[in-house]
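Chains here go by letter, A, B and C, matching the order in which they are written, and residues are numbered from 1 within each.
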Amino acid sequence: MPISDTVRLGDKVAIPHPSLVNLYGCTIGDESKIGAFVEIQKNSVVGTRCKISSHTFVCEGVVIEDGVFIGHGVMFTNDRYPRATTLDGGLQTEVDWSVEGTRVKRFASIGSNATVVSGVTIGEGALVGAGAVVTRDVPDHAIVAGVPARIIGDMRQRVEEPVPYELLGDLAGT
Amino acid sequence: MPISDTVRLGDKVAIPHPSLVNLYGCTIGDESKIGAFVEIQKNSVVGTRCKISSHTFVCEGVVIEDGVFIGHGVMFTNDRYPRATTLDGGLQTEVDWSVEGTRVKRFASIGSNATVVSGVTIGEGALVGAGAVVTRDVPDHAIVAGVPARIIGDMRQRVEEPVPYELLGDLAGT
Amino acid sequence: MPISDTVRLGDKVAIPHPSLVNLYGCTIGDESKIGAFVEIQKNSVVGTRCKISSHTFVCEGVVIEDGVFIGHGVMFTNDRYPRATTLDGGLQTEVDWSVEGTRVKRFASIGSNATVVSGVTIGEGALVGAGAVVTRDVPDHAIVAGVPARIIGDMRQRVEEPVPYELLGDLAGT
């Protein structure tokens, strides 16, 4: 039951502890890996060869492209002004809110315990530091950290050997 | 077993994954909803029509009033100087600490990955931003964010139509 | 299955919810307590009489000495530049990264939702505030808080009666 029939699982998706996850209505790409205590909601997409680490929550409206690393305890959000109830006091249901989408572009990495506020785009190959709170768009290849997250570097100057993105075109499917 | 017999559950409480929660000795009000990977300890209270989202921890001494939204991965605490052991080196037990209580007043919302330090009161209709660390009281209707959390706005000026609290008296039971 | 045969459990280790943890290849010392929704990876060590609270992730390369308190939702990390894929586009495997170790010295306490960046040492009896992001070494007995974590006090001046560490030598095994 914790992996609903409504999940579209690609080939060779690794979920070592299927009884300790909660996945429903989402799409998981080929060869991706999903850790323990992960929840992935409906209408979200995880690309191919991604790692979604333990304790992470991926909400409706999030699109994670190919080759993305999501650390442990990362929380995505889809509503800047969440509320439990409607103005007439009833419990909110789906018709009472609109989802604000978030996109994580290919080969980006998001550090553990980071929080991603709704409506942002995290650029290709970017790195979000552990514990950061991302409140605005992150440019391609940028390193951001802090609360709120600010640019502190560029991944192209940190890796010993720059990532040959052109070689990765097949994986990215573009 | 993960929902102990000691839990006092109200009517129509929704717990979609009862095998993936850990609730004991707490009170959950009518029509509230509890997500996956949530732990709620004894001597804590959740009001009516609340949402307690996935990955959240509600500790002993926390009182959550009616109509409150708690995001994902929110951590409450009840001890500013926690320790594993007593001064004589033994493992601490309940008699070795005193719980410092926390109250979240009605219709407040707490964003995902927020941390609430013990002993604070979060005001009615207030909003705690995602990833914030709340270290002092939050006034009614205030919007707070950051580490430590500071006031950045007022919910009464953000919602298109102010919440008619007077209409909600029945729900709040006051 | 969530407690692998590869775990070396000491005497009187308390794991109230063995079906809600994910432990493998690690060592847990005598009389320690492990909460729900905790993952502890291989090649990590938890000492004696430690508390590892719910929702916490202890990764490979972390050494937690005796008498340490780890709060709820604490995330350790072991790689400052994590990536999902190798430069040739394949999913990373163990041979593709080197673990950067972290040590938490005896009687330290780490507050809930804190993040510990890889490669740091947290000193004896130190206190890491809730929600802090630790990016550098923490001196013995220091109190640190914030993002990034900075020294804000000294535990020896906060406790009513200083901890008699000399009496605790037996427990610490040194």
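Annotations
Just so we're on the same page, contacts are C-beta pairs under 8 Å (C-beta built on N, C-alpha and C of every residue); 3 or more make two chains touch, one makes a residue touch a chain.
Bear in mind that the values here come from a model prediction, so they are computed numbers and not experimental data.
Judged by the touch criterion defined above, the protein chains are all mutually in contact, each touching every other. Simply put, chain B must spin 120° to overlay its Cα atoms on chain C, rounded in steps of 5.
The two sequence copies chain A and chain C touch through a face in which the numbers common to both fall below half of the numbers used overall. Between the Cα centres of chain A and chain C there is a gap of 25 Å. Chain B has residues 19-20, 37, 55, 73, 113, 147 in contact with two or more other chains. By the touch criterion stated above, chain C contacts chain B in their complex at residues 17, 19-20, 31, 33, 35-37, 49-51, 54-55, 67-69, 71-73, 107, 109, 111-113, 127, 129-131, 146-147, 155, 158-159, 161, 163-164, 167-168, 170-171.
Interface residues of chain B facing chain C in the complex, by the touch rule stated above, are 1-2, 19-20, 22, 37, 39, 55, 57, 59, 73, 75-77, 81-85, 87-92, 113, 115, 117, 133, 147-148.
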